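Two complexes follow with chain A in common, the first pairing it with chain B and the second with chain C.
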Partner chain A sequence: MPAATMAVMPVIEARELTKVFRRPDKSEGLRGSLRHLVTRRYTTTSAVDHVSLSIEPGEAVAYVGPNGAGKSTTVKLLSGILVPTSGEVVVGGIVPHRDRIANARQVGVLFGQRTQLWWDLPVRESLALLRDMYGIGPADYRAQLARFDEVLELGELLPVTARKLSLGQRMRADLAAALLHRPGIVYLDEPTIGLDIAVKDRVRDFLRRLVADGTTLILTTHDLGDIEDVCRRIAIIDGGRIIYDGGLDGVKDTFARERCMHVRLTTDVDPQSVAALLPDAEVTPGGSPGEFTIRFDRFVLTAGQVIATASSLAEIDDLLIDEPAIEDVVRKVYSGELELEPAEDGVGAGVGA
Partner chain B sequence: MTTTRPIATARMYRRCLGAHLRAALEYEADFWILVVASIMMQATGVIFLGAVFARIPTLAGWTLAEVVLIYSLVVIAEGVGSLCFEGTWYLPWMVNQGDLDYTLVRPYPVVLQTMSGAVGLNGVGNLLTGGLLMAWSLSRVDVDWSPLRIALAVALFLSAVLIKLSVTLASTSACFWVFGASFMLPTALHQVGELAKYPVSVYSAGIRVALTVVIPFAFVSFYPAAAVLGHGQDSWVGLLTPLVAGYCVVVAGAVFRRGLRRYESSGN
Partner chain C sequence: MAARAYLCMVKVSARTVLTYRANFVLGLFAVFFQLLAMLYVWRLLLESGKDFGGYTWPQMKAYLLVAFVTSSLVSAYGDFRMAARIRDGLVSLDLVKPVTYQTARFAETVGRAALELAVTFAVAGSIALVTGGIPVPDLPQLLLFAVSIAAVVPLKFLVVYLSTLLCFWTQNYMGVAWARTSLVALLSGSLIPLVLLPSWLQTTAMLLPFASLTATPAAIYLGQATGGEALGLLLTQAGWVTVLWVAGRLVWRFAVRQLTVHGG
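The block that comes next holds the complex of A and B.
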């Protein structure tokens, strides 16, 4: 939901957040390195470019974009790991990179690509160290372990040394480590990467419960299933800029322009004649005579026009319109196919459009 | 950085270290190799000292027993560094790999998480060697061990260890500014620190000044030893060791914090 429509104070507020990285501009080989010693040229890139986000308590936001779009950098800025080049970030009333200790108590962070478990120690020891760092009492600790055992089957992993865990096991243990201190705000960066279906389902189920319990969640993922299962709001970032921020349905309405209609006519009709009547649509013959699949841009043709055209040829026996999938949109975002207009005023563009 | 609850902070440090110690002790062969190797390395220097003193009675006015005290202070400082603060040496590697990420989102000072991040079992060998050398030296030097002098020795020697640790931290923190070469700098400085195993009065004025003012390695061993032994008319300089230690800790902490603001993590 866009922040403007609600009176609740946002728990995460980023304004014009920008992170510029400076990389030495070296040409190839030794000669290039030597030249760099003398001339010192750098290229700067804005990994995150004037990003504004306003997230309310209890919201679950999917944060998506192609590789290198600035997803992880945003998460690192919000969690205080990186100091922004410019712009402001306030999380739970705290500026995360200034007051890291206070921030650490209210947030839980997971980077799916790397573990926070102590590599040479059994999982149990890692969790005990975190327990002591956060000052979690023995009763609460036991309750948390029981909860993690129930949803993540953590018990069997406790005696295992971190380096001996499989990827899926490691992710379950890492989730427990990130959430041990019951953080109200959780950042998960690719929490299901490389997991098999069964583990993925379990993790998603766990995330749904987390959100149901009122946790504020920012979820960075490549997995479309994660998004639809857990989140109702989605922010899309590309080239360091937010290009969409709003409801999942809004993404469909705004960007899923293609509709797909399956029609079965009572009599056999030549696909060519259908195509001739609908020059703007793509008509492919179906499995049996009289069946067609018609794809059209809903901004060019309406479903009514397509139905009217089809029924002018023969009586319609059956009709099915594919639900436009958020997945198609996000997949196109990732593959760079989607031509997105820049979000209007940054936040909330496209909602209800 | 929390300074409100120093005892809880120290206890947490011990917990982190203890976990790594248990992990390190799982490799029994490694333990013995590291201990024996470190004893051999330190013994080499002692053998050399013995050979030198077989030909000359004193070195710049220092007897063998007095020089061994100086020597042992450096060995002990290195031992404490390896055993309890070995993680400091891994800082450049962690910064390079982006491994500080999680430490920045835990409610415990990043610098302490880093320093407690590893255990160097070679420190056991150093502490054994250094302890034996110090015991041998103190049993032979001519000092009146009043309670006050004992307290002074403890205070000065602890400060000396702090100086050594601070120099290591400040030098490894260079990795926040320069990348590749930063692995070399702490090792080079450590090597310079070996000069402090001998009375700095044997060196030329330039080196003496460098070891006193620029990088105060002389306060790790020479000056505190001189103060405890009451050796020479400049022995009062050693009383400044705690002040120098305080200065070094503050500077090293500031360098680390400034560096941390530049931390860039790493891409995936």
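The block that comes next holds the complex of A and C.
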């Protein structure tokens, strides 16, 4: 069955992909600059360090990491902008940096911080230029504009010169520009950066539809809302290396070990007595008597143990367990305090061996 | 399909020039005043009665006007824009478009050049009329001249393009642009006719593509090169366009490997 073969054939395949940048190492001042002319010193940094990724058609992958972790560099390697120092990359059967133009036809790229619209032209003209570049027929072009108008309210932006657009408007127009040729593979590098909530929601809604239509998506973002809304798989990169690659739920299971339970008992119980029974948990009194918040490591205590302990003191009136947020995990990665020891039952943890 | 895209880019860049017409006109002004100064200097020199390569005053006027047209061509802002995009890494956005970078930049140049030609010919024509006319060659010679002017567009584009690609290594364009401008002005004959240069410099200019930029159209306009000689000059222009086009593609391939767009 063709569907079965499709499922095992990755559309994006990166193996041990590495990009080393060489920067001139100049010491301070004129003297440093002069010295650099004579003895050249360079610092090399591996922006992307032996990254392997395998993405199947129709997958939506969140690509997450702190500033300078190598996210954009990876996207640039995948789109053929940069030539890798070592390693291999194949996208839709094409080596991007070797066959840049063929790759450009199958891929849509958006760099949220930069516009690909022609700065001095009305949006309509930029799109018409792209239409001609990609050889899009008039009927298809009209259909695409109608689609973008429906989701992104593009119509009102068409007559506006690109440099006069607000950030949110620009992003909507840029999304249309990146997706006009119906690319099967889309890289979005921070598509919601600097947008207000209303526009953000609209963009996310649009991305969800895109994924539902079967587009393969790599989404680079700092906005964790984007991830939970759109992606089911997450790859976390730090210092150029992929430190996790797997399901969004898996990352929570693996790294979000802390659970938080809010308990209300029918009678007033001293918080100290609860804490005494649960020495491994952190117990804080709630707003009213008999209310507690209990934080515990789910690999030390189970929720059942916590509930059993609480109900041994008094009857439980109400119980609420906070959903572990992907945000907590990613925040830990960003602040560099993520414990890189996945639990035994962790799903697909791609910790660098 | 791709041809339509390049055609569209030609139109778009012409429109961009019109959007920034003040900038465009001011840029021409600079060359225009330089032209006026040259005209005055040469009138004084020729009135002194000395011989300068056998040029009469009307011929020298014609020479300077041709030089004005050729040095105004492919000069408006395109190279600075390209250099800035390379330096700021914005060139990466050009790389995700399904067009050949060099051809795309050439298409933009052609769009601008169409307007540059229209305006500079109008200016040159008016000056010729106001200052008492210049010799006009017969029709076949005029056609050869038109071809030689048309060839200046790709040729000058390639000289500019190749020097702008140096930005991938230098990260700074000002120095490159100045060096190129001086070199082209001297060796193309747009500053002074090549016959007035020392012979070794003349030979150098003739061996390089620069003479094809101004000396060739001027020689054809003034009838210094006719028939087979004129055709030979046109073929030389075509040869240089071919060689430099291929060189551009090769240099680009190396240049793009220099690309280090920083970012997280």
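Going forward, the second predicted complex is superposed on the first by the 334 of 353 C-alpha atoms of A that agree within 3 Å, B and C clash if a C-alpha of one lies under 4 Å from a C-alpha of the other, contacts with A are read in each partner's own complex, and residues count from 1 in each chain.
As a working rule, contacts are C-beta pairs under 8 Å (C-beta built on N, C-alpha and C of every residue); 3 or more make two chains touch, one makes a residue touch a chain.
Because the structure is a prediction, the values reported are computed rather than measured.
Superposition note: with chain A as the common reference, chain B and chain C are in steric clash. By the touch criterion defined above, A:G286 reaches neither chain B nor chain C. By the document's definition of touching, both partners, chain B and chain C, reach A:R100. By the touch criterion defined above, A:Y134 lies against chain B and chain C together after alignment on the C-alpha atoms of chain A. When both complexes are overlaid on chain A, the residue A:G70 reaches chain C alone and has no touch with chain B.
Judged by the touch definition given at the top, the superposed model places A:R114 against both chain B and chain C. Residues 21, 68, 72, 76, 79-83, 100-102, 104-105, 107, 109, 111, 114, 116, 118, 120-121, 125, 129, 132-135 of chain A lie at the contact with chain B in one complex and at the contact with chain C in the other.
By the touch criterion stated above, chain A contacts chain B in their complex at residues 21, 68, 72, 76, 79-83, 97, 100-105, 107, 109, 111, 113-114, 116, 118, 120-121, 125, 129-130, 132-135, 190.
Remark: chain A residues 21-23, 65-73, 76, 79-83, 100-102, 104-105, 107, 109, 111, 114-116, 118, 120-121, 125, 128-129, 132-135 touch chain C in the complex. The part of chain B that touches chain A in the complex is made up of residues 1-2, 12, 15-16, 19-20, 22-24, 26, 98-102, 104-110, 261-265, 267-268. On chain C, the positions that touch chain A within their shared complex are 1-2, 4-5, 7-9, 12, 15-16, 19-20, 90, 92-93, 95-100, 256-257, 259-264.
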